[in-house]
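Each structure below is given as C-alpha cells.
Both complexes below contain subunit A, partnered by subunit B and then by subunit C.
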Partner chain A sequence: MSIKPITKDCLEQVMQQNSSIKEQIYGLVSDFNKRFNKSGLTAQEKQAFSVLKENNLIQIPIEDEHWGGAIIAKGGMKIPVINTAQPRVYQYFVAWHEIYHLLYDINLDEKTHNVAIDMDINERKADYFAAKMIFGDIYKYYYSLEDENVIDRIIKCMDAYKAPYKATLIELYEQAVEVYGDMDLKHTVLNHFDDKPKNLEGKFEGLELDPELVRSSFVISFGGLEQKVKKAINQNTGVSYHKDNYEFLIELKKEIKKEWEDLSK
Partner chain B sequence: MKGTIDDFKRYLSMDKSIKICILDNCSVEFLTRVQNEISYKMVFASYDIILIPQWVWNEVTDSNNRVNYITELQNALERVEIINEQDYTKLVDYKEAELYYLFQYSCDYIARLVSFMKRKITKNRPLEELEPYEEWLTTFYEQGLDGKELSNGRKQKKNAGEISIAVLSHILSFYYTELVDTITVFSNDRDAYEFISSAKRKFREDEKFKYREYISITFKSNDCLIYEWKNSGYINEGKLDAFVREYRQMRSTKFTRMKQDKSVEELDTTIDNQTFLEFLNDETVHIIF
Partner chain C sequence: MSIELLFENRKTVGRKLWLVIKDNGYTKSSFSKLTGISRPTLNKLIDGDINNLATFENHLQKIFDKQIINADKLLKYSPKYQEKEETKLALSDNAPNEHSRNSRAQKMFDILEDIVHLCELYQT
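On to the complex of A and B.
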C-alpha cells in the first residue's frame, strides 16, 4: 500500500466514494469482529497485527517513505508485508488496510497487491475499512478536548486512536459533515488538511504525549519463518538445506539490521 | 571419460531403450566399502550406462578407493561416462533458457541459491538476455555455492554434486523420452532426493513443462540396495545381521507399509538398524529412499 496523496481538493470525492461503499464496509467490519476478533484483544493495533501474524506477516524496514506495505500472493499463499521504517501510526493503518485485501479483496489473485493509483475504488475500500476499524466517535472526542489550538486537538486525536494525520482528519470531516452537519468543523478540517505539522515528534513531546507513535519501529520479522525452519531442521535430520536456509535467514536479518544502523548514523 | 558428449548423444539415440544409472559420491563410497561382498556386477547388471556428473567426480577423486572402484568399473563395463556440466547445453540442443529452469527448479529448496540466481544470474532481466550458458554456469558453481578448500587443495562446493545430478536426471527425463527406459539415481543423500522431488513439483506447475512427456526418475539409497541384495540372495541370511550393523547407520528412511485392509501408509522416520532388519523380512514394507 502506498500512502495516498489525498489533498483537500479531492476530499469531497473521497466522501462520495466512502458513501457509495459505506454499507459494504460496515458489513465487513461487523463480519471481522464476529469472525476474527476471538482473542479478546482490545488494542486495535494489536488486533490487526495478531491477524496478520497468523498469516505469516513479514515486517521489514524499507527505505521508501511512500511504500507502506503489500500482500504478496504466491503459490496459493497470501503473505502480508509491512514497512517498519514508516512511523508506527502508518504501520497500524496499513495493517488494517492490508487486512481488507487479505480477507475480503476478491481482486487479489496470483499477483502482488501493490497499487499506487490514487482514488482507486478498491484502495478506497481498504482505507475505509481501516478507518472504521480504528476510529470510534472521534467527533465527540475532538470536542471533549479543551485545547484552543486545532493542531493540538488533532494530534491528541491521533494519539487516542493511534491513527495517521490525514486519516484522522478524513474521519473527523466525515462525521462533522454527514452525522452532525457541523460546517465550522468542516472548514477547520479543510483549512488544516494539507498542513501536516513538520515536526510531529516534537509536537507529541510538547503535548506530553508518547512520541514513539510517530517514530519508526524498524522491526525485522520473517513471519515466524525462523521457527518453522528450526522445526524442519529437527524433524528432517537427513537433509542439509534446512540448516543452510536457517543460516541464510539469520544472515539476511543481520544484513538488514546493519544497513539500517549505518543509515541512521 | 571414454568418449565425447557427441558420442554419448549418439549412444543415447541408438535404437534401444536405455537403462541409466546416475551415481552420487556417497553411493560410490558405500559400494567401495561393500565390494568384497557385493561385486559391481551384482550392483550394475540392470543398467546399460553409468553416468557421473563432473562435480560428483571431483568429490570421488578425494579418495583413492573410490577412484580405483570407478576405474575398475570403466575397464569392466562398456559405458561409464563422466559428464561435464558445461556439456549439459549440448544435451538439451542448446535450449539454454529451458536449461536455466532446470537449474532454478533443482535449487528451489536452497534460499541462498534462489536469491543468488535472481541477483547474479538473471539480474531480474528476461531470460533472453541471459549470458551464455558456459559463463553463468561458471558464476553459479564458483560464486553461488558455498565452498571450502580441502587439505588436498581441492575446492569443495556444497550441494554441487546433488544439483548436477538433479539437472542431469531431468535433462534425460525430458529430452530423451523416446530413447531412455529408466533413470535411477544411486544416492544416499537426502538432499539429492529432495532437490529432484521439489524440481518435479515445480515442473508440474510450469506451463512450459507440465504437458511434456517425461521419464520418471527413481532412486536407490543404500537401504534400497541392501533390501535388493537381500532379496536377490546376494547377502547370506546368516550374515545379514552383521552386514547391516557393519555398513548401515541409523538414518531417516522414507517407506510405505501396507495395512491390513490393503491401504498403503507412507512414512518418513528415523529407522535404527534393528528396525531395518525387521523391515527386510516384512513383505508389507517398501523402501522409497
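On to the complex of A and C.
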C-alpha cells in the first residue's frame, strides 16, 4: 500500500502509534532473534537479506524513488522483492520492513480473507519492527559524536546504523523523548526533520564516510529461479517449454541489465 | 464457434485465454513473443478490452495460427489446475497520490510480473 510520508507535523502522531504497538513489536523482535538468526550474523543488513534470500528474494532495479519493495503473496507462496535502484540505506530498511510482512503480517496469510485491518497501523508496525531491528542506543551514540553540526552527527548515525535519514531521526526523537526526557534534542530533531540534505553522497564523502551506503546497488537476482528451471530441464528432458522458459529468463535478465547500464554508470 | 460469439463474450475469452497461457507454461511476455501480439495488446485481450471486432479477430487468429488452442475450445476451456489464489501485496511505496510511474519503471513491473509467474510455475 501507499504510505503517507512522515513529516515533522505528524511526528507526534507517529510516536503515539508506536507507543500503542510497542509491546507487540518488541515481542516480534524477540521472536525473530530466537527463531531466524540461525547463522549468528551480526551485520543487521546481512541478516535481513539472508532471511529474505531463504524466501527466494527477487532483487531488481526499478526507476521509481518511492517504490522500495514488496511481498507478493500468491497461491501459497510469498515472494519478497527489493528495488535495488534505491540507495542501499533504503534497501536495508525496506528489507526489515518486508520481513515483518513476510513473517508476521496476517493480512498476507492465504487462509485469512477479508481481515478488517487498519492498513495505516499495519504499515507503522512494519516500519517500527524495521527500526527496532536496526537501531541500538542511538541516543548515546549521537552524544558520543564530537561534531558540532547536527546534520553531520545525524549522517554519522545513519552510517553507524545503516539507516535512512528520517528513520534515524524518528528513533532519535523517540529515545530523546521517551527514555531520556531530552527536550533540547526533541526540538533539534523537529527542526531538521523535513530538511534532508540534498547531496548525501557528497556529505558522506566530506565526512570521510563510505558513500556506497547512499548509492544504488543495481543488483539483479531472481532468487534461485534460474537453478529451479535448470533442474526442471534436467528432470524432464521431453518437455520443451522448460528450456523456452530458461531462455526467456535469461532474456529478461539481459533486458534489465540493458535498461540499467547507462543509469548505473 | 463464430468470431462474433467470441467477441460478444470477450471478457470470458480473455479470462480463458489467460488460463490457457498459464497452463501451457507461458508468461505474458513469452506468449507475446510466440504469437507476435504486442504485450499491451495482449493485456487488453486478456482484460477483454478490445472493442473492435476486426482487431479482436486479427489478434485471436494469431493465437489460433500457432495451434495452441482453437476457437471451439477457447470459450469452453477449463483450467488444468484450480485457479490459484488472488495476488496479495504488501508494498513499500511512499508515492504521493499524484505520482505516476515512468515508462522504464512500468517496463520493470511488467518484467517483475513475468518473473513472479515463473516463480509460480517452478515453486517447489
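Going forward, the second predicted complex is superposed on the first by the 246 of 265 C-alpha atoms of A that agree within 3 Å, B and C clash if a C-alpha of one lies under 4 Å from a C-alpha of the other, contacts with A are read in each partner's own complex, and residues count from 1 in each chain.
In the analysis below, contacts are C-beta pairs under 8 Å (C-beta built on N, C-alpha and C of every residue); 3 or more make two chains touch, one makes a residue touch a chain.
Since the structure is predicted, the reported quantities are computational estimates derived from the model, not experimental observations.
K.L.:
In the superposed model built on subunit A, check whether subunit B and subunit C fit or clash.
P.N.:
clash
K.L.:
Return first, second, both or neither, reflecting whether A:173 touches subunit B, subunit C, both chains, or no partner chain.
P.N.:
Neither: A:173 stays clear of subunit B and subunit C.
K.L.:
Check the residue A:74 against both partner chains and state whether it touches subunit B (first), subunit C (second), both, or neither.
P.N.:
second
K.L.:
A:193 in the overlay: touching subunit B, subunit C, both, or neither? Say first, second, both or neither.
P.N.:
So A:193 meets neither subunit B nor subunit C here.
K.L.:
Please work out whether A:142 is in contact with subunit B alone, subunit C alone, both, or neither, and reply first, second, both or neither.
P.N.:
In the superposition, A:142 touches no partner, neither subunit B nor subunit C.
K.L.:
Which partner chains sit in contact with A:60 here, subunit B, subunit C, both or neither? Use first/second/both/neither.
P.N.:
second
K.L.:
Does subunit B (first) or subunit C (second) touch A:245, or do both, or does neither?
P.N.:
both
K.L.:
Is A:237 contacted by the first partner subunit B, the second partner subunit C, both or neither?
P.N.:
First partner only, subunit B.
K.L.:
Decide which partner touches more residues of subunit A, taking subunit B and subunit C as the two options.
P.N.:
Touched residues of subunit A are more numerous for C.
K.L.:
Show which residues of subunit A both subunit B and subunit C reach, each in its own complex.
P.N.:
On subunit A, the residues that contact subunit B in one structure and subunit C in the other are 241, 244-245, 248-249.
K.L.:
Quick one: in the complex, what on subunit B touches subunit A?
P.N.:
Touching subunit A from subunit B are residues 109-112, 115, 146, 158-159, 190-191, 194, 251-252, 270.
K.L.:
Considering only the defined contacts, which subunit A positions touch subunit C in the complex?
P.N.:
1-3, 5, 56, 58, 60-64, 66-77, 79, 81, 94, 97-98, 101, 105, 107-108, 110, 126, 222-223, 225, 228-229, 232, 241-242, 244-245, 248-249, 252, 255-256, 259
K.L.:
For subunit A, which residues count as touching subunit B in their complex?
P.N.:
Touch list, subunit A to subunit B: 236-241, 244-245, 248-249.
K.L.:
Could you list, by residue number, the parts of subunit C that touch subunit A in their complex?
P.N.:
Touching subunit A: residues 24-27, 29-30, 33, 84-97, 99, 101-102, 104-105, 107-109, 111-112, 114-116, 118-124 of subunit C.
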